Amino acid sequence: MRIVVPEQATGRLTDAWRACVGTGRFELALRRDYQESLAVVQRDIGFRHIRGHGLFSDGTGVYRPYEHQGSRQVRYAFTYVDQVIDAYLALGVRPFLELGFMPAALASGDQTVFWWRGNVTPPRSWTDWADLVRATLRHLVDRYGLDEVRHWPIEVWNEPNLTVFWQNADQDAYHRLYEVTAHAVKEVDAALQVGGPAISPGSDEWLLPFAEFVTARSVPVDFVSRHAYTSGPAQHVPFGTHQTLAPASSLLDQFASPRRHLRGSALAELPVHITEFNSSYRPDNRVHDTAFNAAYLAPVVAVGGDLVDSFSYWTFSDIFEEEGVPTSLFHGGFGLLTHRQIKKPTYHLYAFMARLGDEVLARGPDHLVTRDAAGRIAVLAWAPVDAAGDTPGPDRHTVRLSLPLGTATGAAFLLRSSVDEEVGNAWTAWCEMGRPHSPTTRQLDNLREAAEAARRHARLPIEGGRVALDLHLSRHEVTLAELTAVADETPPWWDDDRLLGR
Amino acid sequence: MRIVVPEQATGRLTDAWRACVGTGRFELALRRDYQESLAVVQRDIGFRHIRGHGLFSDGTGVYRPYEHQGSRQVRYAFTYVDQVIDAYLALGVRPFLELGFMPAALASGDQTVFWWRGNVTPPRSWTDWADLVRATLRHLVDRYGLDEVRHWPIEVWNEPNLTVFWQNADQDAYHRLYEVTAHAVKEVDAALQVGGPAISPGSDEWLLPFAEFVTARSVPVDFVSRHAYTSGPAQHVPFGTHQTLAPASSLLDQFASPRRHLRGSALAELPVHITEFNSSYRPDNRVHDTAFNAAYLAPVVAVGGDLVDSFSYWTFSDIFEEEGVPTSLFHGGFGLLTHRQIKKPTYHLYAFMARLGDEVLARGPDHLVTRDAAGRIAVLAWAPVDAAGDTPGPDRHTVRLSLPLGTATGAAFLLRSSVDEEVGNAWTAWCEMGRPHSPTTRQLDNLREAAEAARRHARLPIEGGRVALDLHLSRHEVTLAELTAVADETPPWWDDDRLLGR
Amino acid sequence: MRIVVPEQATGRLTDAWRACVGTGRFELALRRDYQESLAVVQRDIGFRHIRGHGLFSDGTGVYRPYEHQGSRQVRYAFTYVDQVIDAYLALGVRPFLELGFMPAALASGDQTVFWWRGNVTPPRSWTDWADLVRATLRHLVDRYGLDEVRHWPIEVWNEPNLTVFWQNADQDAYHRLYEVTAHAVKEVDAALQVGGPAISPGSDEWLLPFAEFVTARSVPVDFVSRHAYTSGPAQHVPFGTHQTLAPASSLLDQFASPRRHLRGSALAELPVHITEFNSSYRPDNRVHDTAFNAAYLAPVVAVGGDLVDSFSYWTFSDIFEEEGVPTSLFHGGFGLLTHRQIKKPTYHLYAFMARLGDEVLARGPDHLVTRDAAGRIAVLAWAPVDAAGDTPGPDRHTVRLSLPLGTATGAAFLLRSSVDEEVGNAWTAWCEMGRPHSPTTRQLDNLREAAEAARRHARLPIEGGRVALDLHLSRHEVTLAELTAVADETPPWWDDDRLLGR
Amino acid sequence: MRIVVPEQATGRLTDAWRACVGTGRFELALRRDYQESLAVVQRDIGFRHIRGHGLFSDGTGVYRPYEHQGSRQVRYAFTYVDQVIDAYLALGVRPFLELGFMPAALASGDQTVFWWRGNVTPPRSWTDWADLVRATLRHLVDRYGLDEVRHWPIEVWNEPNLTVFWQNADQDAYHRLYEVTAHAVKEVDAALQVGGPAISPGSDEWLLPFAEFVTARSVPVDFVSRHAYTSGPAQHVPFGTHQTLAPASSLLDQFASPRRHLRGSALAELPVHITEFNSSYRPDNRVHDTAFNAAYLAPVVAVGGDLVDSFSYWTFSDIFEEEGVPTSLFHGGFGLLTHRQIKKPTYHLYAFMARLGDEVLARGPDHLVTRDAAGRIAVLAWAPVDAAGDTPGPDRHTVRLSLPLGTATGAAFLLRSSVDEEVGNAWTAWCEMGRPHSPTTRQLDNLREAAEAARRHARLPIEGGRVALDLHLSRHEVTLAELTAVADETPPWWDDDRLLGR
């Protein structure tokens, strides 16, 4: 059956899908590979904000107490912070600030998270913490200007509902942290945007108490944040993890959850930011490297913007050290790109999204049809997946569309870009290569070639103002079909048969 | 039938195929698009020398007579020459100098060639010409060093056997030009390499007299040069030309011709340089833009080095103005690249050549098998073409090989790169687009994407030290298959079935 | 006597000084050195528009008549035009279009101007000319968008009052050209800006008839344009010219002249663009290379914006071929930069201008004092020159200022940048080097080093909210003094005397 | 008195001064600012090798034990090592490998050094350590080739004579470490170069026992290494240190010390590498930022190559974290460059060295005169300093030379480059600015401008084949004077008096 796509737009594609992207800890942004990777991502995708942990952790060197003439004082040092944010802005992306973790010198305890030891205990002094927050935001406002910093959402801490991220997952302590922090932020400028509670999936029971707390105590809050993942318990192997996955629709469910839980509260109308999402929450689950992941997430990325104001893919690059330095080029990292900037299939899903128009003409379970101001039709389509893994997923899938394309007759130029289990798939190539941990320069070059999306092109007839487009998808394929009406400049004397002088 | 490729190398693949490439006139090298195009070519192909016309034409501004205190003097100005050669060397390519055409102020007549009006008449003063040659070479030696300039072959004029290129195609006048020039060159340094007669196809009767002339008069000559083309008479249409083509083997015949004609002469053992070759000699024959051209030339590029010391594809870029400024992006230019650096199929033929090893294991009418020092096997294969155009050429063609690959058992990683009528073929895409003369930025981007070679990859078993490789080629396909033995680093706990946590 | 600069701004520094800059003929912009030079200029100076000759001359290949099936037709080819304008926009500068000269195939005569042979005769068909204008503007609007192209002023021809630029300097023929062209432009879009008459100095008697003509015939006109130069008759030497110069004030006089002549006419209130100005109008007068030129023009650049809407330095680069290919690195070219991007003193005058604030605090015969939004004071000062050459100009000159700087007490950081006969003066270094025509790479490097402005810095006291600044200038010095109030972060334990541990 | 420099060379300037440079710990090389800084350094200076700590520390993630099926195994992961060394080689510099510190998982104890916690205890298993060394070198040889890796000196550990760097400064344990390591290295390839003992100043009594140990046990050793510093005890202030300095001659003394101590031993003839040197050994002593440092070290850099095979400035960049993240742009770091690539005076000392010729014509206490193959004379001169700080050092100092320059008469072009307390001195400018910890973008730009060496130029007469050169130096000035004989191309009609047309 061919779906007849209406000529009239049914809505707009919001920017929520690219409003934010995740990153490894703050100071990793000092790296060259990181910045070059981000430049690639920004050229092809163009995220608006970037969010990661560790702004206040010791690796950035911000909080620097010292003694002078017998008294303890603090120098706030922004040597690295400035260098990172300068780089972000130069690359056309703004920080989504996450305030955390605790500087060791300000911490009340020793508990740390990750290989890089982020301290997750409350401050030993709430006053000193507030000073740190104010000093940091004042510095940022001084350096980047108030107009700029007002565009940077400021989130208080990360997943305080988990004991690994916040000592004892102490809800009252988080509320206090939020209160002190939000006031400190607003003292710098009342128009700065602050929010929380940045909870992980499965703890939505934190939402209403948070709303009640801030309402009761008149604590400022400009947005609500939550994370979303679909993976089950970790099954560890050396340097890796296996996990089951819930269906992708579960992600959309999770996106919708904050508004559902806050209905009727004072926070009901606030923007909702999904400040992290992905299939698996593990940085060593090789599902992230696959075409499955792209096809699995395609329907989420295509419609998530209907539910929330942003949903931030966790993360843009494998440059990430929560479980230590990766021991192999492909290792199941979160990245859209591996180290050395090899594109994974999910990278292409995002790059395809960036080529969609902003008028939505049609949506379906396996497609999204858009048009841009120049009249170009862009269709994103994807193969269905079996997230349970009971089957490998269908090996063929067809989407048939009748697309409206301007003039009554003529021709359309079709450019089709695809990734699947074979093409645009460096991971498959890497497996075939023998899964080399440290590929040679030649192997890296080959992987970069293997990672490019496959391109096909054709000329299709326009009849009655419509083009019939049949998209045959292979297993786990994600594809972009772009159609433009041909303005034919072929001169009247053109004759293909005379190419060889006959 | 499967061809069993021997393990033992049968010869070496010389550098002759990339010893030189052609270019539009000298000062076009000042352009940014030109230099960026050359950078692309050098990265993927790596030519050793570059040769074009017009070093002494007025566009370079070298020969600058003036009057001072009543006497006529000459300033030799190298403002542009230096800038061009600085750029060449920075891009890793050396000039193959062609001495010509005649500066207007030194010319004995008004006859010019090309839209850009190269004067093709003898000098009005042989002394002044010799001064110009000496001054130029002295300057080059001063600036670039003798060690460097000794690597630059120096050719005297271009196609003097044609009346369009040399007034009256006057053979005696050419011999005199050659004599005066060769002596002038050698006065600067006896080890500089000078040669000629740079004749076009169909005038091999010039060779023996040239040999006899230089022998009789003891004129220095270090190499012999000739051009090779296979196209028939020009059938003009507006902004274009159609021509018949002789079979590609005619090019090899032409390559062999100088040695054949000079057998027994004093020049018999000299290096032979084919300083121009292509299918058509017209810069507006769209055959140059096609996959046909790549498949047609593949057997020539693959074996030409057995016959001559260099054969120089005419030319690396469509930045070329002999027939005026091109009026359309694709216009039948000679280039491996169009303006704006879009790769044509023949570009890929050369890029594939650059990935071959230097041991030749086997050759055939549709393939060339090589191995490099690291043991990587690289196979170039091509579909047969019908140059007469009686048929479109076969739509399928298969090459079956048994390839020796190191260890007795295991696996090989295959990376296959292809161009044909559809993939790696921006020309087809441009035709489908409606042949836009001045493509938009988006169209240029799409054409660049369409121009990339298609990549496939696979893992093949090694049995008995051999890999069975079946290459199925489509119409006009040229393909590169690279095989490397897999050093498997897959850990023992790897299990594809656990990807989704089962 | 110290000049007390008021705290209150007396006016704003308009953008007129950088509203436009001149360039060699259109297609020179295809060159790499040109584009790299323009990138340097845009980074340090930031011109808004760029204007040069030759958009329709044969070198751009726009007008391409052909025969098909017995009828004569025209293809308009924008291969180079697009490439140039794409490059301009990418470099942040817009074209100031000059419509001219005549395509040979459309010309009514053979008369040409310049080494590169721009045809300066009227069209053989006014209809065909109008078609060319319309086709070109329609193409530009299609490619770049109407919003963009409406920002590009469109000037009709160049210096029609001179017989070298317009056959017989035929005023009626120019009026007809203007009329046909202006209507053709407005047919494409009524909001495109068109103007003329682009006359050279000394022919202001053309202005009023032009006003009367357009008024009488209701011909659209959006701006008036004129050129300004101060040099006397050319005294030729080989590859060079000497000329006397009128005082720089003559340039300001010329700037004011169109408004003076048009007072009372219908064109009285139109924008005035000085579409070319410089000291000498010759591209081989070495005065352009000197510090004298910078000091001579400083008062003009500093105040010209009070008189006109733009005044366009002719030209940004020595890449320019009106008198043929330059035979020497320094050759008296118009450029702010030589070939190979060596900065001349006048380059620095413009780069200093670009660092001024936009509030004007004071002006004087040897200085201009500005402040920017951040409170930084920037002073441009220059030594007086003797344009008559009776004396070498004073060897010392002092400007004493009392500058308002925010807080009552404290300190200011002064950064002073200078060029004069010695520093920031590659021309002097080149003369000392022996005036090498084709400098070696090492010499070019040395010249680049010699060309950098000299920098000094100091800390000055603020007393009573003021800084006393004494600027001692050497011969032909142009200097920029930038002062910012110091926010002192020196820690209390800092002690310079302990540097060596004492 | 004028020193008459002989025409005949007295020796050659070896490459020892640039044979090696120091760097912060290994993985800092992943940073963009680091790599861009190194690119600047390599362009202007061109070091041959680079040496830093931490190849085996946890930040590089090399040593990765894991459990599988009940047994403990080790994966050696070169993810970061490859990325760093790829970058080094791309920048034209080779690693000088330092094997250390101990991976935590292989360490026998918990003692660490530096903010970044390098473990300084012996391995818990000598076998496992030897495995790590062999695996690493085998990987490097596989990836980079034996020919390449044989050029990389391999040093065993760092300053084992200090308890902070080697638990208990246990000499026997170091000998054992050296023995195990040297054998492991040589098992990979007998031609790899291994050496030690990398001792700090003041422990030369370690040298002879080391020689005796390796001789007695036939342990391979290819070079001897030691460090050299002249600073006294640290006097701490917050974020800084003050120290007295011994005279610079003490450094030369220390350079000579290994050969002196090893005279008569089996190691007497081995190459000696000073693998670290500087004035102060503290990364927070602001003496490193000053012109004093450059003038103080000039005589050491100028003659050190007479004594040793390399002496490695510690370090090329302030990107260095031994005392934590620097809290201020200038902070007394070791770097030739600050963060953000601002050149310190000592940077220029090295850049000047890189412009010397390789023939030494004369040496003196305040100068070094050289000539290159092209005949250019380059003089490095420096002002004397008072290292004790009793006086500020002389404010003027003159070096008078008579220099041989080719032809009997004519002229020389002099280009002089200088740094002193004012020019080429970003530190002075930064102090004047109020010592901003985190300079704004504009301040960084100003500092970069202030950091450029001052350039002057002149034309000096050659008389009797000699040029009289008077170099007047200001306080702490280091200067480079380059003289080349002028090949005068001034045309006969040149007349400076006609510049203004008179």
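Going in written order, the chains are labelled A, B, C and D, and every chain counts its residues from 1.
Keep this in mind: a contact is a pair of C-beta atoms (placed from the backbone, for glycine too) under 8 Å apart; a residue touches a chain by one contact, two chains touch by 3 or more.
For clarity, every value in this text was computed on a predicted model and none was experimentally measured.
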{"item": "Pair joined by more contacting C-beta pairs (A-C or A-D)", "value": "A-D"}
{"item": "Euclidean distance of C-alpha centroids - chain A vs chain B, Å", "value": "46"}
{"item": "Mean-CA-position distance for chain D and chain A (Å)", "value": "43"}
{"item": "Two or more partner chains touched - positions in chain D", "value": "68, 238-239, 437, 491, 493"}
{"item": "Chain-level touch network, classified as line, ring, star, complete or other", "value": "complete"}
{"item": "Chain D partner contacts - residues on chain A that touch it in the complex", "value": "30-36, 59-61, 64, 66-68, 75, 77-80, 82-83, 86-87, 139, 143, 238-239, 324-329, 339-340, 437-438, 440-441"}
{"item": "Contacting residues of chain B [partner chain A, same complex]", "value": "231-232, 235, 237-240, 242-245, 286-287, 290, 292, 387-389, 411, 413-415, 417, 422-423, 428-429, 431-437, 446, 449-450, 452, 454-459, 482, 486-491, 493-494, 498-502"}
{"item": "Chain B contact footprint on chain D (complex, rising order)", "value": "68, 491-493"}
